[in-house]
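Before I ask anything, let me first share the structure, which is written out below as structure tokens.
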Amino acid sequence: MSSTIKLGNLSLSVFGESHGPAIGAVIDHLPAGEELNFDKILEFMARRAPKKDGTSTMRSEADTPEIISGFFDGKTTGEALCAVIKNNDQHSKDYSSISEFARPGHADYTGYVKYKGANDLRGGGHFSGRLTAPLVFAGAVCSQILEKRGIETGAHIYSIGKEKDASFDPVNLNAEQLNSVKKRYLPVIDGTADERMRNVIKSVRENQDSVGGIIECGAVGIECGIGEPIFDGLENRIAQLVFGIPAVKGIEFGAGFAAASLFGSENNDEFYMDGNTVKTRTNNAGGILGGISNGMPLIFRAAIKPTPSVSRPQNTVNFIKKENAVIEVKGRHDPCIVPRAVPCIEAALNIAIMSFLC
Amino acid sequence: MSSTIKLGNLSLSVFGESHGPAIGAVIDHLPAGEELNFDKILEFMARRAPKKDGTSTMRSEADTPEIISGFFDGKTTGEALCAVIKNNDQHSKDYSSISEFARPGHADYTGYVKYKGANDLRGGGHFSGRLTAPLVFAGAVCSQILEKRGIETGAHIYSIGKEKDASFDPVNLNAEQLNSVKKRYLPVIDGTADERMRNVIKSVRENQDSVGGIIECGAVGIECGIGEPIFDGLENRIAQLVFGIPAVKGIEFGAGFAAASLFGSENNDEFYMDGNTVKTRTNNAGGILGGISNGMPLIFRAAIKPTPSVSRPQNTVNFIKKENAVIEVKGRHDPCIVPRAVPCIEAALNIAIMSFLC
Amino acid sequence: MSSTIKLGNLSLSVFGESHGPAIGAVIDHLPAGEELNFDKILEFMARRAPKKDGTSTMRSEADTPEIISGFFDGKTTGEALCAVIKNNDQHSKDYSSISEFARPGHADYTGYVKYKGANDLRGGGHFSGRLTAPLVFAGAVCSQILEKRGIETGAHIYSIGKEKDASFDPVNLNAEQLNSVKKRYLPVIDGTADERMRNVIKSVRENQDSVGGIIECGAVGIECGIGEPIFDGLENRIAQLVFGIPAVKGIEFGAGFAAASLFGSENNDEFYMDGNTVKTRTNNAGGILGGISNGMPLIFRAAIKPTPSVSRPQNTVNFIKKENAVIEVKGRHDPCIVPRAVPCIEAALNIAIMSFLC
Amino acid sequence: MSSTIKLGNLSLSVFGESHGPAIGAVIDHLPAGEELNFDKILEFMARRAPKKDGTSTMRSEADTPEIISGFFDGKTTGEALCAVIKNNDQHSKDYSSISEFARPGHADYTGYVKYKGANDLRGGGHFSGRLTAPLVFAGAVCSQILEKRGIETGAHIYSIGKEKDASFDPVNLNAEQLNSVKKRYLPVIDGTADERMRNVIKSVRENQDSVGGIIECGAVGIECGIGEPIFDGLENRIAQLVFGIPAVKGIEFGAGFAAASLFGSENNDEFYMDGNTVKTRTNNAGGILGGISNGMPLIFRAAIKPTPSVSRPQNTVNFIKKENAVIEVKGRHDPCIVPRAVPCIEAALNIAIMSFLC
């Protein structure tokens, strides 16, 4: 496993398994003397918590991180900040039958081969979506530090299945729009998207199925000049973190894949002076040129595959006995992980930006 | 700049500017005693060279790398392998007028701000697509080592503008298909795509415009169990490298963004036993589960934006005088960089896979 | 702070402050499926615990690490292994008066400047020797894995003040000698050294003073060929870790500084065949040639400065008011940290060796 | 091999073999816009060149680095700076007989085992002292940048064999003393040491033998607050680099090993106010407390073993045939490498300090 990532001077270690005693994170090389509001951290993390309305898992996760180092007198100390989140509600029995059957779409089989059968398979172990809780914690910490430097980030559900939200305005995006999204039941821009998406989720749940979606993420207030190309540009670091979130299968910046079918004359963002500030009229670049921020809003989208845990019977193999089998995945699962993945993607962005500023 | 990347034990440094005396790469921690066929390296690199038919820049790049370390008696020594590629054909005058004008879509302005005006702007400097030559060299070296371990990789033009090629068969992809693509004039699967795409390129060139495209890349022969999640899984490392290639604005693995609108029951790849081997009937995962290879073909696609250098006049700014301006980008440019980007993407994949095996 | 170290694929994060709620470590990329005996870990850590006889601090540290991840069913899972050690006995009042006075020889002042006054100064905060407990934990874990690969390590007090122990036999050192040292009250080879050293310690304690010493560390069973020169050779990695232990001011391998006054004909270790094995007749190289193990015992020594906390009044400054001052360092302090540093140095060696094997 | 080192954001790759076509270095993440005086670089490198007086190898090394990237218009560009140094004078025949005989004290045997016989053994290959030329180049570049930030470094021969020089004054060391040393024939403080040491070298050469020594290195002008403990403090990074120089077997900071036999009351450096500046009356800490600079001169010493190449016959083994043998090492060798190692150690210090400032 490489659950430790070094991005310039910043490093982040994420540890824990779904059904072990606790999970957590160590963030090293944060600036010293930064005030952190613990309630705001909890608020950020609450956006990742499962809803009680049937759109997500019934597992109750009252995740309260305990900060055990690097934080003193209400401020970061500049030393490694560690937070531990206890796993209170471990129904490991629900998962007991699955240990030799490869759940399709899960890492049971690949993890078994890699770790020679020694990894903790219960609940997905270290591969569990639960491991995004410490990532979100780290992102919540970074967001507060970024905010003091005038940087705001946010994310919304761009689509679930075939239902779409509106898009962030890549040119005029501002802190207000980023924050207003966070207050809705589902984080969407278009008020009608909320109900349409909830219907999709309800429907797949009834069908013992699941569904994927796309998340769009934005940041404003990043000065021109941030990014360390060739291999540590904004895109590289954001992608390296975002692909650490289970179920992400794609990422695109600005116009992204759509740029591939444009002409240069369409895709190029013309520059102009807005007073003394260099701006672009369009923002197909997503705020990044040559791996470096250009001062415009940073925009990217991540594709989330449908939750692989579906209740209906699936063909698979028993990878220990090496024979074909049929599996019915029991347990409490999200029919759609997308709403809960929104703060995860946003957290990854916060950590990536922070890595250039410390 | 971070032009040095450490992926596990492997490290790669890429150096040089478009119009400096030379460019090159240092690859460190390759296995010792690996035979390298220099002609095959040149052959790989030739796939990146510009065509002489008007589909790409007229700049002549007879790129012959000189290996100056880490290679002795026809074999890698296990020590840092450095190759230098001379810049023979430097028409820096073509670019002399552009240094204070931000070419739309280029890193002139962001690079200027980041490097306080000290970077070598001629021809894009270190941001130039020319810097992919050492990357391709490194990928060509890795490909020969991978081949001896039974791993073959390849890539084709998935689309240019709105013209599409066929797709790799994600389940039955094999070395033969990967290699047959390399022999065509344009690297495509569908014989008709070649002419269709060349027509698109010809047309944009005539319109003083440019066009983007998508590249699909595949690998076969990777055993189950390769990858270091959470942050050094196959997707993380491939993405970190691929976003080091100029003009890449998106990456997706397996079904990628399309998976976002699928149901779990559609997207999950059911496992089955093929003799004693665990396989999947479909391959929406692109051969990767939980960041770890599952033994199926590895498949991903990268979105390439249209070349930002278009000859027609564009609105922009003079970023030194801070005033609006109009620019006409002269010089020799590719109306479509996609064909030349194919071996670059493939090289990035080779380096990423190699990093897990040394 | 960089309390996270990446050595090849292995990474180690150490977190916590002397008077915070807890300290701990995350070790990432250990091999999967390794049995760990928890009692043996406690035994290793007990060697770092303060003695109750007046030779060390009276602070009671019943350090029981709680492993909260990466360990399941008695075995490592291959995932990030995190252990947390609670700080039970925090007499932070003892330290309350010192926060604006720079204790000579301590990092109060340098830490204050670096962290702009935001770091937790109580008890040395993150600079405290207490932070070696998680390091020792990590070393204890690694030692059990190394043992299964036939590698044994050990350390003894080479000197305290002017009192010397015998030396490890650099040619014939074996596991038995390494282990027998661990069983003594003070870890020494020469039985008479124990009492002589205890007398030195007693005497400095009575004089409200402290004393330093030298620790010698050895390893046997390392095959020829381990080490990644130029910058990741055995010496580089061991030194990088050992200088992470407070109070270490020097390190030397094999004959070390003494080699500087030898002739080549004296210092060179002649090779000979012992059956089918290449050995050397002497071992001035300390088992390392060109950063790579040569199959002979690995030997190094680390210099430990006297504990800077001495009870007698010392001249210093109030670094906030910027004026001269006199300080009397109260609290419970070790008059000689050397005995407790022995397992720390040994732990650093274990981690360094482990980093080449995973 | 790990000939690439990442220290925070700075990275350095050293490549080449003694008898290959060229050697060189890539330095990445230097600040942009720094003027470099090429003559001063050559002057720095000349201090490493062999003397023509019989005190060092007769091999002629007119090492002129060619900077091929990262440098434009007299200034650093902020991009990876690569310099290549051609190997003009390759008498590889001198070494032809030695490839299966382990030269005592050399890495022939350990390198052979590690690289399975594939490494270039001629002249020590990548293990050759010649590889310090690119390190010195990198140090020379850093020294010019540091100088503009008010930081000056220097080094002198502290001892050769049993002959000693005076020591740097650890409290009052200044730029003048550091620089005056560089102008002498041998870099010493005490004028009489020069002749005494040359006599020692002459004598060992006549005896077909060699001799080691100690180098002392100092830096002034480093502000308080530089260093990233626990694992990236000043000592850790300096040691990691210095042990990359062949023949270094020990390093000590400030009082170093001598501190081990001092009492705390002797070793502690008392603080006092010098006007508005915090200083210490003594400097046993070598300017470093808790891994962080305290504003006093930084002082350390490195132990250099005698050159292992001695001309007299030595017992050894043929490691391919696995039999005992006698070797007479021919070729041109330094009877004492210490004078030439002085700028190498100084270069390592420059690179280490630079790594905290970029």
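Should a chain be cited, it is by its letter among A, B, C and D, assigned in written order, with residues numbered from 1 in that chain.
Methods note: a contact is a pair of C-beta atoms (placed from the backbone, for glycine too) under 8 Å apart; a residue touches a chain by one contact, two chains touch by 3 or more.
This is a predicted model, so every value here is computed, not measured.
Novice: Among the other chains, which touch chain A and chain B together?
Specialist: Chains touching both chain A and chain B: C, D.
Novice: Please indicate which chain is farthest from chain A, where distance is taken between mean Cα coordinates of the chains.
Specialist: D
Novice: Looking at chain pairs B-C and A-C, which one is connected by more C-beta pairs in contact?
Specialist: The comparison resolves to A-C.
Novice: Comparing each of B-D, A-D or A-B with C-D, which pair has over half of its contact pairs in common by residue number?
Specialist: Overlap exceeds half of the contact pairs only for A-B.
Novice: Determine the centre-to-centre distance between chain B and chain C, using the mean Cα coordinates as centres, and give it in whole Å.
Specialist: Computed from C-alpha means, the inter-chain centre distance equals 46 Å.
Novice: Distance from the CA centroid of chain A to that of chain C, rounded to the nearest Å?
Specialist: Once rounded, the distance between the two centres reads 39 Å.
Novice: Mind pulling the residue numbers of chain B that touch at least two other chains?
Specialist: 1-4, 8-9, 14, 29, 114, 126, 228 - these are the residues of chain B that touch more than one other chain.
Novice: Per the contact definition, I'd like the list of chain B residues that touch chain A in the complex.
Specialist: Within the complex, chain B touches chain A at residues 1-5, 8, 12, 14, 102, 104-107, 109-111, 113-114, 126-127, 131, 159, 161-162, 204, 207, 209-214, 224-233, 235-237, 239-241, 243-244, 246, 248-257, 259-273, 276, 278, 280-281, 284-286, 289-294, 303-310, 312, 314-317, 319, 322-324.
Novice: Tell me, which parts of chain C touch chain B in their complex?
Specialist: For this pair, the touching residues of chain C are 8-9, 29, 228.
Novice: Name, in rising order, each residue of chain B that touches chain D in their complex.
Specialist: It is residues 1-4, 6, 9, 11, 13-17, 20-24, 26, 28-29, 32-34, 66, 68-70, 72-73, 75-82, 84, 114-120, 125-126 of chain B that touch chain D.
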